[in-house]
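Letters A, B, C and D mark the chains as written, and numbering starts fresh at 1 in each.
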Amino acid sequence: MTANLLLQCPDQKGVIAAVSQLLYGFGCNVVASDQRITFDFSDIVIGPGNTAVLERAIAELASRYQMKWKLAYKNKVKRLAILVSKQDHCLYDLLIRHRSKELICEIPLIVSNHPDLKHIADTFGVPFHHLPLSKEPGAKEAQEAALEALLERENVDVGYCERHWSHTINIHHSFLPAFEGGRPYHRAHERGVKIIGATAHFATAELDAGPIIDQGVTRITHRDSVEDMIRKGRDLERLVLARAVRWHLDDRVMVYNNKTVVFED
Amino acid sequence: MTANLLLQCPDQKGVIAAVSQLLYGFGCNVVASDQRITFDFSDIVIGPGNTAVLERAIAELASRYQMKWKLAYKNKVKRLAILVSKQDHCLYDLLIRHRSKELICEIPLIVSNHPDLKHIADTFGVPFHHLPLSKEPGAKEAQEAALEALLERENVDVGYCERHWSHTINIHHSFLPAFEGGRPYHRAHERGVKIIGATAHFATAELDAGPIIDQGVTRITHRDSVEDMIRKGRDLERLVLARAVRWHLDDRVMVYNNKTVVFED
Amino acid sequence: MTANLLLQCPDQKGVIAAVSQLLYGFGCNVVASDQRITFDFSDIVIGPGNTAVLERAIAELASRYQMKWKLAYKNKVKRLAILVSKQDHCLYDLLIRHRSKELICEIPLIVSNHPDLKHIADTFGVPFHHLPLSKEPGAKEAQEAALEALLERENVDVGYCERHWSHTINIHHSFLPAFEGGRPYHRAHERGVKIIGATAHFATAELDAGPIIDQGVTRITHRDSVEDMIRKGRDLERLVLARAVRWHLDDRVMVYNNKTVVFED
Amino acid sequence: MTANLLLQCPDQKGVIAAVSQLLYGFGCNVVASDQRITFDFSDIVIGPGNTAVLERAIAELASRYQMKWKLAYKNKVKRLAILVSKQDHCLYDLLIRHRSKELICEIPLIVSNHPDLKHIADTFGVPFHHLPLSKEPGAKEAQEAALEALLERENVDVGYCERHWSHTINIHHSFLPAFEGGRPYHRAHERGVKIIGATAHFATAELDAGPIIDQGVTRITHRDSVEDMIRKGRDLERLVLARAVRWHLDDRVMVYNNKTVVFED
């Protein structure tokens, strides 16, 4: 069994030695590490002992050094829910990367507020749940409650959504913090920018203000219409979202102070 | 003699034919053209006739097709003033590109509100004008009047400034419209972005809202401090500003609706 | 009906005027043009007249100015054959872009020397032809003859192949001309490069030496294994191939002297 | 005093623990580390003890784990010689980055086989040595001996050269291994590539085959002439060389198997 151990603590002498010694003492072999603001001992091959004892030892060390810590075992395949609206490019991309084993996870369900993309879910054999949003009072709360119930029933670890629900990775169609909010490509065209972008971030209550996981950009010119920008943006969105999801599934992302530490592979 | 002819008019039949025929009739040879929203007949080799007559003919055609037009003769070498504060990297860059004939222009003066960079002006043999800004009432207006008088006396066509004066190309230390205003790298670090940028734009009365000429970006990670970002940003700023200035000196930039059309080389 | 007119001729006075005048005379409205080494009158809205007469007029003009010319009517949707071996990522990508109308074409068949990817063809409802290659003498010639017969029967205009057949767009897994030939990622890893690339080019008899349509690159580090490079390369290959195919379907690519002129959109 | 410790050894249990424990035992505080194929303990704050004893301890550990190791103390400012021919852009760039403290080193001399760039050396107050190369028999050997003597007399640690001498960082005007050898931009233009590059590498006896430190690329189109490519390439060369030199001055580059491990900052 392998695991990733992410640590964060104030700079002080002997921390690496103490952690390394502890892992060695438990028969763990550290395959890769990275350490600047935080520590990342990734791909630790866990020794044959009891993981509960290992965790207690880490917890004790952590309290001594004022560490925040997260030990992510890699034997557990995460369960990913895909939350979409009407755009299909990211949905296709995630399903294909999953099928080709580039994304190691289970995808137990696709949820949408529209029925339009059910045919794609059928093609890839993933259950599709339609949670429509009526305009009646309380409809939004009811829809969110139904979604939460679904995600809980299916033991979902992570979600991707085109729109904003909590506890999910969202792809925003711009280079945040430029063009927060709606219709970003239209506003980018209006402003006359020469580069457009896409941003994958953790969704938070405050729209488009969550911790950024990854961003990508591409050049445009005055000849690009809004439609051209949307088309070029789709490729960006696919790549940026796929990287963010893969890093998250692989426990390479750690959040602190509304920012992320990413141990890129 | 060669010239660039930039035209903008509503889409209608026969416009290209009419303009091409007119130029041909005046013995002009069109070496390059580009036409989407606007027309660009660049590197026109002007025939031996009277340019005033050519201009009258273009003006007449323009009124028939509701065209805006700009005919820029390339025999006129532009005069560039460099307006700096305390940072030296863009100043060095422009002076070196000028010396190596990459920027074809005259640089009759460097102006600054601080004396710090005078030694660079001396090194490259360019007159340096120190226009300090005191805190007395009316000092800012007096400084601006002195600057205007200087620029007029030296027949300056275009300026580059680190700070904001009118009629100049400005380099902003971020990927506009993200982080408009002051301390952009500090705010980018605070927000946790994964890409930083630089933006060359025409300065306007409204701070950082002028037409964008060019932008550039570079990836950063959580390991980059504000100082690292400033260092990486300097290289971006140099490249983006140099491209913008070169295009402008070469009459490749046309402004409309607070956006730019750039005929990149 | 719209069309693209690509012209190439020696630099001489009056060429643009003559072509523009001719198109105007036939009631054609030129929506976009680009002209440097060659001329590109793209998205010409053809007038109501007889296209045969227009073509005769262009041919006559062309002979006067020693022009090569190509008039591509946009009413004709091209037919694209996809030739694959065992790798699925470009196949998926082309099929999805086709389904989402980003690639405007018909895809009447998928051909492979292996049966492995038939399930993808079935998913997207495209006929799959398995042309296995035995090791018997003459097997290669027989396979190629069968392929040619298939392509002819299906009126195919353009092909994409993972391996090398003639008259097709090929994606090479490196930044050509670096690492021509087999196992490019292994050799890139061996050489210790810091950037990898992908190249879409027209296949020619000489392996990997055909005209380059587009290239893309991505940074790697010493930490990337061959497998990491292959994974990162897949995203490049998808993007670069899709751009090349789209430009070709849209008649934006013109070949001369084993190089391409591409009128990027 | 701080130091960088670079280690390389076969993968085995307890290595990180052993090294970390040793450094801790000597009162060293590890500020940053990175470890995949190799270990990098960078910015180690060395304790007050005797560095010779520390080195002996590391050597002993190294022999136990079959480690190659390199401990680079940061108190020693390296001495950089700049070897140029006739092109001035990289020379200017290094001198300016040195003056602005972006490159922390001493530059005791500039050497050239041509007198053309002496004025730049004078401008920045660096001694200039002209070592002309006549066509007489033995002239090349004599020139190289004179260069070696100069570099030795000046205690030079690292050199940058435009042409190929040994023990130096070289900037090659292409994306190696494409276009090894002479006139790379001309050959890139001839081949019709869509992206050009620059490569900083350690010079070795075999031309253009030394370990690659960094590479950069930029897009071009069919409209770019060889001269345009040379101009765009200059910016690449500047950036790529400056990064390679800075990393090398900062002991972030380690060579093994003709490849480099770079601990990017």
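The criterion applied here is as follows: contacts are C-beta pairs under 8 Å (C-beta built on N, C-alpha and C of every residue); 3 or more make two chains touch, one makes a residue touch a chain.
Predicted, not measured: the structure shown is a model, and the values here were computed from it.
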item: Most distant chain from chain B by Cα centroid; value: A
item: Comparison of B-C and C-D by number of C-beta pairs in contact, larger one; value: C-D
item: Distance between chain centroids, defined by C-alpha means - chain B, chain C (Å); value: 37
item: Centre distance in Å when chain C and chain D are each reduced to the mean of their C-alpha atoms; value: 41
item: Set of chain C residues in contact with two or more other chains; value: 36, 223
item: Footprint of chain B on chain A - complex, ascending; value: 36-37, 175-179, 191-195, 197, 211-217, 221-223, 257-262, 264
item: Residues of chain A that touch chain C when the two form their complex; value: 88-89, 92, 96, 100, 102, 123, 223, 228, 231, 234-235, 239, 242, 265
item: Contact footprint of chain B on chain C as seen in their complex; value: 11-14, 16-21, 23-24, 27, 29-36
